[in-house]
Amino acid sequence: MEPRVGYVVSVSMTLSAIAINCSLKPSGAASSTDRLLGEIGQELSKLGITMPTIRAVDHDIKPGVTSDEGPGDAWPELRKRILAADILVLGTPIWLGQPSSVAKRVLERMDAFLSETDDKGRMPSFGKVAIVAVVGNEDGAHHVHAELFQALNDVGFTLAACAGTYWVGEAMGKKDYMDLADTPETTGGTTVMAARCAAHLAGLLNGQAYPGKA
Amino acid sequence: MEPRVGYVVSVSMTLSAIAINCSLKPSGAASSTDRLLGEIGQELSKLGITMPTIRAVDHDIKPGVTSDEGPGDAWPELRKRILAADILVLGTPIWLGQPSSVAKRVLERMDAFLSETDDKGRMPSFGKVAIVAVVGNEDGAHHVHAELFQALNDVGFTLAACAGTYWVGEAMGKKDYMDLADTPETTGGTTVMAARCAAHLAGLLNGQAYPGKA
Amino acid sequence: MEPRVGYVVSVSMTLSAIAINCSLKPSGAASSTDRLLGEIGQELSKLGITMPTIRAVDHDIKPGVTSDEGPGDAWPELRKRILAADILVLGTPIWLGQPSSVAKRVLERMDAFLSETDDKGRMPSFGKVAIVAVVGNEDGAHHVHAELFQALNDVGFTLAACAGTYWVGEAMGKKDYMDLADTPETTGGTTVMAARCAAHLAGLLNGQAYPGKA
Amino acid sequence: MEPRVGYVVSVSMTLSAIAINCSLKPSGAASSTDRLLGEIGQELSKLGITMPTIRAVDHDIKPGVTSDEGPGDAWPELRKRILAADILVLGTPIWLGQPSSVAKRVLERMDAFLSETDDKGRMPSFGKVAIVAVVGNEDGAHHVHAELFQALNDVGFTLAACAGTYWVGEAMGKKDYMDLADTPETTGGTTVMAARCAAHLAGLLNGQAYPGKA
């Protein structure tokens, strides 16, 4: 059989990223999630990618599953910023072993992408790559990855190898990531891989978009 | 800031896929999972990609988390076939709203990839793209996607946009996917997108491998 | 060995229940979750148990994990009503295969129970029984049960046999539970069992509280 | 409204428990799960309850969802022992943040309970109480609780307050529970509560069975 997949890609672009911190606490309050997001941002910056961070709870994201829930809804502006970036970094703390209610709210609002497809069936998020960053005192990171990978993929995001990074302490512990003197090598190494894999894939997809349906 | 991500990719390759059917029933017994896998295979074949299917339960995959659990272990041969393909299609039925024990066994054996990295920290699965196919009488597909996306990503696989396809019937129903006269347009359309997105991404990654750590 | 577990229980009490509807839509907007909650309420009323329903999104439940997040926080009043009841019925729609952000918010606020134990290590929710009611157009009910069972149990609730009831339509369907002419026998029968089992267990625990630690 | 729930319960019984260790390693190989199960057993024994432990992987539990999968199937004997006990303690290690394939196999076989109901709609597991015990080097316990709580409840088990106990180490750690010099107070205290709550509830249900449907 003849090869049917063939590409010539020549890419020289500046990629961009955006991070959403889904902490329950507003800006100003220290956040372990912020520390991990900062570490991802630092790694992305080495690749020439800037990554501003938005604290979701600062904004009045209305409940609902459309792209605009009316007067006072902060989502339309956030949505615009998310879709302007090549890489979405979604950061959340763990509560009861699960993602925060704020992370869930952000995902719910992206549900609208499912019906905003182009004539090739492609959502506005197609070609964008997501990274998931999770911190907690103890236990829950793999599950939060699972929840967020599935929800993000459902609404069109691509997940590079090593799409998640995380830190949690020992069972029923009270230690906070933001209080660690040094970033553990384990989490640090995973963060590097997450950032580098996502950037690589975002570059490839930026140069060569998904074809969608025929 | 100067762009730091730059590629020239010239690709003209034949990609390959492999499907693992994680039904509880051995070859010979009809399988709804098989029908959905067949539909993915048909779509991939339009792109010049062949996809043989392995029924996992036919093989004596020993419990454990190494790449070879000794005499009689069927995994080393399956592992070789999985790693020879560009696209892994993991298909599982739903039981109690969760992936089958056979799917879990296959994933457990890939846990070994975590310690089989090269000098750039890349697992043997890096650059390979996974599709997850799920069928059940009722309910559970999103969760099975979540479980398998997370486990597959943990062990190095990349997930293209629309990495999962599925069919389930109404709550507490008894209908089987293999008994449907026609494939519903919903599931059919999702299957097409899953196959086309995965092929596209596997092509890109085949031409330009993840760099791994610096 | 001599029996060490011995009880004499004489119970003749009126039990009470409360339902929290975690729809994204406020009161006044029709809700499929409401229909299922109503069916549970009807079954409980046959056992002499009244069940008022609160639409959580009507109330300003602040983000946080304490029992009182300060001025304007609606949680302290809701918390009081939840803890005054013997049975908590938590109802949620499914979005992206997962519980709503509103359900997550309610659970997060109950995280505080973990540190509100008495001298026997018992949370304020000890002895209370939870039912989980889930509706969606398609897929996700088992997983929502899993998430809510775990979170509710973590914060001290007991789960009777058949602690969950649900309805979902066929994969990627658009049908709403509230639009069904008749309640399917499957969901209807499950609802009856959920209500009757929870009432039975709440009665037992009301008469004979958990002893807690020695 | 008149009270409609009334009981007189006089209980003086010896309760029994059984533990299933779902380690991937056979008897003889040291198991962290075994240590945690042993600690539960010790606590139950203080209440006069004996708890033998079965290592599931020692037995040839065939794939399938009926109560007897034919010649060589070890399940019918295990099923009998599970149903003879008042308390089921299901113990599993964590792999990739999820329950072991062996735990999944055991749960799949209990799927058959769903169609083995009596004339009141009660499964053979009705009135039995489950405890879930989870250990891993790192992360995953809450999710394994969620998966097992939901699956066990689906097949008829009751979950007392604090139905799960667990230990996991810090993110991406390598420490094993069986190598800890002392049991941490956190896990130890949770184990005590899990055992005492389950015994209490099993005693109540033993004296006063679920009524099932009218």
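Per-chain residue numbering starts at 1, and chain names A, B, C and D are given in the order in which the chains are listed.
Just so it is clear, a contact is a pair of C-beta atoms (placed from the backbone, for glycine too) under 8 Å apart; a residue touches a chain by one contact, two chains touch by 3 or more.
In this text, all values refer to a predicted model and were calculated from it rather than measured experimentally.
A.B. asks: Which chain maximises the distance between its CA centroid and that of chain B?
C.D. replies: Centre of mass proxy via C-alpha means gives C as farthest from chain B.
A.B. asks: Counting only Cα atoms for the centres, state how far chain A is from chain B in Å.
C.D. replies: Here the centre of chain B sits 23 Å away from the centre of chain A.
A.B. asks: I'd like the Å distance between the centres of chain A and chain C, where a centre is the mean of that chain's Cα atoms.
C.D. replies: From the centre of chain A to the centre of chain C is 31 Å.
A.B. asks: Show the residues in chain C shared as contacts by 2 or more other chains, in ascending order.
C.D. replies: As it turns out, chain C has residues touching two or more other chains at 96-98, 142-143, 145-147, 150, 154.
A.B. asks: If each protein chain is taken as a node and each touching pair as an edge, is the resulting graph a line, ring, star, complete or other?
C.D. replies: Its topology is that of a complete graph.
A.B. asks: Under the stated contact criterion, what part of chain A meets chain D in this complex?
C.D. replies: Touch residues, chain A against chain D: 96-98, 138-143, 145-146, 166-173, 184, 186-187, 190.
A.B. asks: Spell out the part of chain A that touches chain C in their complex, as residue ranges.
C.D. replies: Residues of chain A touching chain C: 24-25, 57, 63-65, 95-102, 104-105, 107-108, 111, 147, 150-151, 154-155.
A.B. asks: How about chain C: which of its residues touch chain D in the complex?
C.D. replies: Touch list, chain C to chain D: 1-15, 47-50, 121-123, 125-127, 142-143, 145-147, 149-150, 153-154, 156-164, 189, 192-193, 196-197, 199-201, 203-205, 207-208, 210-214.
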